[in-house]
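Below is one structure, written out as structure tokens, with a few remarks after it.
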Amino acid sequence: MTIAAARLLWDGCVCFVGIGLPSAACNLARLTHAPEIVLIYESGTIGARPDVLPLSIGDGELAATAACVVSLPEIFSHYLQAGRVDVGLLGAAQVDRFGNLNSTVIGPYDSPHTRLPGAGGAPEIALHARQTFVMLKATPRSFVPTLDFRTSAGFLEGSGARARSGAPGGGPKCVITDFGMLAPHPHTQELQLAALFSGVGVDEARAAVGWPLSPGAHVGIIDPPEARELEILRDLQARTRAAHARPMTLPL
Amino acid sequence: MTIAAARLLWDGCVCFVGIGLPSAACNLARLTHAPEIVLIYESGTIGARPDVLPLSIGDGELAATAACVVSLPEIFSHYLQAGRVDVGLLGAAQVDRFGNLNSTVIGPYDSPHTRLPGAGGAPEIALHARQTFVMLKATPRSFVPTLDFRTSAGFLEGSGARARSGAPGGGPKCVITDFGMLAPHPHTQELQLAALFSGVGVDEARAAVGWPLSPGAHVGIIDPPEARELEILRDLQARTRAAHARPMTLPL
Amino acid sequence: MSTRFLSLADAVGEHVHDGACVALEGFTHLIPFAAGHEIIRQRRRDLHLVRMTPDLVYDQMIGMGCARRLTFSWGGNPGVGSLHRLRDAVEHGWPQPLQLDEHSHAGMAAAYCAGAARLPFGMLRGYQDTDLPAHNPRIRTVACPFTGQSLAAVPAINPDVTFLHAQVADRQGNVAVAGIIGAAREAALAAKLLVVTVEEIVDCLPPAMNGLLLPHWIISAVVHCPGGAYPSYAQGHYERDNAFYQHWDAIARDREGFLAWMGEHVLGQRDNRAFLSSLLVEAA
Amino acid sequence: MSTRFLSLADAVGEHVHDGACVALEGFTHLIPFAAGHEIIRQRRRDLHLVRMTPDLVYDQMIGMGCARRLTFSWGGNPGVGSLHRLRDAVEHGWPQPLQLDEHSHAGMAAAYCAGAARLPFGMLRGYQDTDLPAHNPRIRTVACPFTGQSLAAVPAINPDVTFLHAQVADRQGNVAVAGIIGAAREAALAAKLLVVTVEEIVDCLPPAMNGLLLPHWIISAVVHCPGGAYPSYAQGHYERDNAFYQHWDAIARDREGFLAWMGEHVLGQRDNRAFLSSLLVEAA
């Protein structure tokens, strides 16, 4: 998933990066084919070049390697809202068939079954980024026909509803998951199977999705990871594990 | 005038300083009885301690000696508008009997006799500072019954009109001019003669004011400059003259 | 009119009252953990807590029963998972129900900015086509008086008191901050009272030029509190203890374990130095 | 996607068109004089000039007939007196009438902030009980959707192109700025195109941390132009030439003297280096 997502990013593109898989994908892209990619973390670091993956969105590594650090209000108003972000990478607990996302709550809002962390930067990333990439693992409980709560807008009810609502950004370009990728149908904007990892069958994909998954016009096969990609990713992950496990001297 | 104005400022007070006489008065106060006065220039310098008086509101001397430099939007929104300024010092071309000020235009706005520089920070300084001190030389053309243009609000039509308008700041506490000081009447808020420089007569003051000037309940005599005040002011002015006349090496 | 220098116990004792609206800000970086612990020690109740990312510090305060209401935009353990005590309060009302005033980061940033500027509301292009406005009556709209466009509006946030942690103060009480600042400046300037804990106090700070400095005359109290951001970090002083953040997931997962840990390390310790020492003993 | 490095002549030639809305920002400090001179040399017409404090650079551009409209908040020679060419345009329509779009500093700051955030308007507590709204239909009010309070509203400023001057750029085109910044950041981010002239270009800038840095990917063109702020200044490079500001009062007082000076020192010189040399010759 990380490698497939990294390949979608181009050199020089401005990414608004969430923590976890998106951060790993963006940094892998930076360390492979996209050295001039601009990573913006919502903590206000612009142009960060971390040597290890941050655990949080605001590790010191990000500030120390960034071109500059601005305030959170500025990153959201002067960069994201101003339309300066090419790609927003988003995770979620649920995605529906039109790419709308839930990261707020499972069950009713006022008496939730599972309270999730909530919106964070997602609603406005989904609204303003020129395009978004969604990354989450597929199960029928995460790829659902109907969200429990719409935290971030995708294509709403599809068929141009998003454009009619006046959203400035383009919406989800694809959903990268553990069996492959979904992409919106050009007209209905329903998420369809766009590509599979090699060795994965269509039935496997269908079983992991909570709505009747349609194949896209062309269902591609994603090239397996190259040795260099794997090596760089593994090195990055090893450096990261070592850094995060390093016992810290208490500030005493 | 400069010395009389400086004496009105107290140690630790937060002053929003305009250029010219106000800047001289504030720095004199800082160099005499108010070493901890906080000078804010609208250029964004907070806590400036200039060694020579700046010619402009944004000389490098201000930035280099300031505790910090913030943006102009921040100085106006987070400091002035937020009600953090104790004293605003204002100049103008005209003041009326209720302390309203004109620094925009003499004659009609659309076909002016004299186009003045305009508002700058004045309207909001006059609105938000806890109190303002107005400094300008008196002639019947500058102390007028009716302004050609109201750039900054004083007490409007007096008798509580300002408070009724909801203005957060307290309005003009006094007008310091070359014959002495005017202060608002406690109820009508009309500017009345509050004090004279020693050696100046009431008739002289009346002749310089374009409305029938009433004496306040007590008309005081302003103590003549002390030797120390004069010496420090003259040193400051001499340093300033020397600095501004120093030929600059062209950046070639 | 220099800032007052207080002990943390006195600063909390004087500035935090039951029922107050309290913001502890610092986005991942410079989180005022020691201040949160002292509020827990002094057993403040019914607080309206405000913070973009509640983090472990609010998990602790909520779990210890300090809060009745939470204004926030993302409530998780960053990179790890849930805040179990926050979840328990929302899902099961333990130790007491928690009213949520829920925003997005962009919305909360706008609300803090409005508070700092003493405007009654902030606006943004946001919340569009989401379910948040339906569950938060404090998200409304305002029409542009020039174009007629509809924008999202949120009420200003003006905490009764904001706590920050920072690297250094001078003897006059000016505070210099470097690194990731999040909405710390806006939360500081929006507050009625501002208390700052700092790693160190020096005689004199160099001119900050365009760096972030909080002038002494906007600060109510400065507290010398080395290590006051731990397990968060202070750029240039110590790093984030990512291992502790991961460890917290286990500590906070059940009520008993959580209460035992808080009893031993927070309630059972006099101050932040003792808190840190108690962790050192545990690790040894 | 690094920024393009251009000569000043090419940067102006490509980015400034007759009739465009152009902002040259820099509050007293870092005023892009060289850019203004080049716009005059290329004889641009009917510009909508935007600048909080028009200063000598707009006095020159207005006197040379570049402008049809001016958005501003204070139009004087700081600490000296009038801008005679600005006055002549407003009072007598010479060399052509000038439409004024007049604000206060606070109002214009709000308008730039709105522009930078791509909001359609900015708001403030301002203009209250003044005559400005009566003469500027772009000053309106907006009601708070929570409290009903009335606030002043101004439309966003989004220049077609903003010019700034700064101290230093790196080879990728990142620009670092230090010292008094006024509304330079907001004017830069509000613009459709951004051109920055700089004192020097270095291989690599140190991380700016919380300082002001304009990332290369928001900049249309960087121009290496030493002395490009003169007679304004560049903190750390050269000081403000206060004597020149005082001298300008005499130069600009009458039309003939002004035209002769501009002819000799601006139109008659190829570039900023030649402009500065011509002043040196005069002083000798």
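Residue numbering begins at 1 within each chain, and the chains themselves are lettered A, B, C and D in the order written.
To be clear about the criterion, contacts are C-beta pairs under 8 Å (C-beta built on N, C-alpha and C of every residue); 3 or more make two chains touch, one makes a residue touch a chain.
Treat the numbers as computed from the prediction; the structure is a model and nothing was measured.
S.K.: Which other chains touch chain A while also touching chain D?
M.R.: C
S.K.: Return the chain whose centre of C-alpha atoms lies at maximal distance from the corresponding centre of chain A.
M.R.: B
S.K.: Calculate how many whole Å lie between the centre of chain A and the centre of chain C, each centre taken as the average of the chain's C-alpha atoms.
M.R.: The mean C-alpha positions of chain A and chain C differ by 27 Å.
S.K.: Using mean C-alpha positions as chain centres, tell me how far chain C is from chain D in Å, no decimals.
M.R.: Roughly 40 Å separates the two chain centres.
S.K.: Taking the mean of the CA coordinates per chain, how far is chain A from chain B in Å?
M.R.: 56
S.K.: Can you list the residues of chain D that touch 2 or more other chains?
M.R.: 118-119, 124-125, 179, 181, 185, 209-212
S.K.: Counting only residues that touch at least two other chains, what does the list for chain A look like?
M.R.: As it turns out, chain A has residues touching two or more other chains at 63-64, 69, 77, 81.
S.K.: Can you identify all of the chain pairs that touch?
M.R.: A-C, A-D, B-C, B-D, C-D
S.K.: Enumerate the contact residues on chain C facing chain B in the complex.
M.R.: 1-2, 116-119, 174, 185, 189, 205, 207-213, 215, 217-218
S.K.: What residues on chain D touch chain C, complex-wise?
M.R.: Its residues touching chain C are 118-121, 123-125, 138, 140-147, 149, 151, 153, 155, 177-179, 181, 209-212.
S.K.: Going by the contact rule set out above, which residues of chain B touch chain D in the complex?
M.R.: 19-20, 42-45, 54-60, 62-64, 69, 71-73, 76-77, 80-81, 104, 109-110, 112-124, 127-128, 149-153, 156, 162, 165-168, 243-252
S.K.: If you look only at chain A, which of its residues touch chain D in the complex?
M.R.: 11-12, 14, 36, 38, 46-47, 63-69, 77-78, 81-84
S.K.: Which part of chain D faces chain B closely enough to touch in the complex?
M.R.: Residues in contact with chain B: 27-29, 52-53, 72-76, 78-80, 82-83, 86-87, 90-91, 102-106, 109-110, 112-113, 124-132, 135, 179-186, 199, 226-227, 230, 233-235, 237-246, 273, 276-277, 279-280, 283.
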